[in-house]
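Here the chain labels run A, B, C and D in written order, and each chain numbers its own residues starting at 1.
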């Protein structure tokens, strides 16, 4: 993460989320504005958590304290028990055409209370790379705003969906040192 | 257009454009912010014009002066030779769930230089209505900013795609008086 | 409201809210995107309600059921006990320069449960008109989502700030017939 | 830039740009959405370049090839001869109140073709820190899209406004190693 961020290994990414590029995402320079890539990351992240929750619901009736919402529930703050504490994007090639893109999502690091999610914005899965990025999210208690353990559905789901992820400390992180 | 806008006749709509609802479209009240519906209208309109241009390209090699861009061209100001001069939305039911919607699009009025496009935001084609709306767009010369005749590809395409549309003056408009 | 909306009487507007135009408000056509005007309306409306609440707090300690939040409270859904049920903008002249604008705000109609707010986007108070617009907002119960009487602080504040407003039915509305 | 980014030295910042927080910047979690901070950075950056250009215009009649636009010119792509190649934000404390913020701006590194700009989002100049961030921008030729030397007005203006900035290579960068 030294400004010369390593190109992401697209071949390892297993989750690709299609993202609709909007006309309004373009700025006066004629390409997608740099800020919107973080919206694309967010949209991919929300879809990722949605899949994790769906997986959790299928496997077992989650306990209420686990925070996994029931099917068809309206979106509420309780559905996103995470806050972003760091976000980064590296831009490689401008998006100049109004066509959908895909965001590849990977989990680079998993600790007791946080996750590093890594993104690759491409024209198609494994295709031409427009930008890559990382966000660190942390699990917070909705009432106190304090960090707390990641909900089990998120931790187990992440490992089930993406494969084993190291905790950084153990050196098994997917993120290049 | 008296504030008691007639409910749109969903059964007559032939073009439904899927729209991705983004997490960022929700506001602090927990539903999609009222402003974003105009973004949905815009996205549907851009897709509509994209289909009109594709149709024009297929049928004949359009002349340069007609303004129909060639396939695969990057989005540029020249691709949207229209400006919005009026926009309206009537909100019927909040979008509270993070799931795609569809925007039905219809052409309510067609004059020498302008078009009234009518929109219906639903959960699925012909389904539950969240909001309806109208935008009046006018064709402008990119250099002078002055109104000019609608490009032929837009006029003919609109009629081919949506069926015959009156010119308002003649009383054959689809819009209720 | 027949598409030939009367030009607003700028001289009658008493509340002008400065709005910062953002670089990101411009679209690929090189002017402020038509959708953003509704964001400007919203920002002016929020400032208007903020002033109404401040006025209510000064005049008397509002009762809890009146919904007037206490000073310095964080923004929450309970602070905006209104939903927009209709919104309209008429665009007159594009904003092509990145400089602040002002939104003039007026109350055109006041009923038991709703308000029509009218907006004028200008380069300066009473100056060059970029766009005008109207939104109808209605007071809703946060729990049930049902319409309810406008809170007293909103009704009284609107009249105190903007002067007497008719109820539409009585024909004393400020809105031209 | 190792995820434990050093807290910015607010006392050294000489340029503070006021930013209007919009109601629409808040998300369903009740605080300003993480993506919007990049919009705040962008807005501060645009104001920074606007000041640099104003300074250049005052000091000398800039040559056309220097790219400094004339006073009062409408915003165009030629006015922003930069692209963002990297952006990062570290979030420290949520913005939960709808009130203006300020963005402190500093130039951390200056090379022949690029600049690292550093941002601090605070409640007031030198005050409570909500977030910090960095963007690397590079000067590009509008026609070819290729990197080119930073325009003189940008380089000289940055040094005049912010004080001498190292080139990174020389170790005189303001950025902690």
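As a working rule, contacts are C-beta pairs under 8 Å (C-beta built on N, C-alpha and C of every residue); 3 or more make two chains touch, one makes a residue touch a chain.
Quick caveat: nothing in here was measured; it's all calculated off a predicted structure.
Novice: Have a look at where subunit A meets subunit D and say same if over half of the interface residue numbers show up on both copies, different if under half do.
Specialist: Same residues, largely: of all residue numbers at this interface, over half are found in both copies.
Novice: Averaging each chain's C-alpha atoms to get its centre, pick out the one most distant from subunit D.
Specialist: The most distant chain relative to subunit D turns out to be B.
Novice: Based only on mean CA positions, could you tell me how far subunit C sits from subunit D in angstrom?
Specialist: For subunit C versus subunit D, the centre distance works out to 33 Å.
Novice: How many angstrom lie between the CA centroids of subunit B and subunit C, rounded to a whole number?
Specialist: 26
Novice: Which parts of subunit D, given as residue numbers and ranges, touch two or more other chains?
Specialist: 23-24, 26, 28, 30, 33, 35, 39, 42, 75-77, 80
Novice: Using the touch definition from the top, list the residues of subunit A that touch subunit C in their complex.
Specialist: These residues of subunit A touch subunit C: 23-24, 26-28, 30, 33, 35.
Novice: In the complex, go through subunit A and note every residue touching subunit D.
Specialist: Contact set of subunit A toward subunit D: 1-3, 5, 28-30, 33-35, 38-39, 42, 75-77, 80, 83-91, 94, 135-136, 145.
Novice: How about subunit B: which of its residues touch subunit A in the complex?
Specialist: 19-20, 22-24, 26, 30, 39, 42-43, 46, 50, 72, 74-77, 80, 96-98
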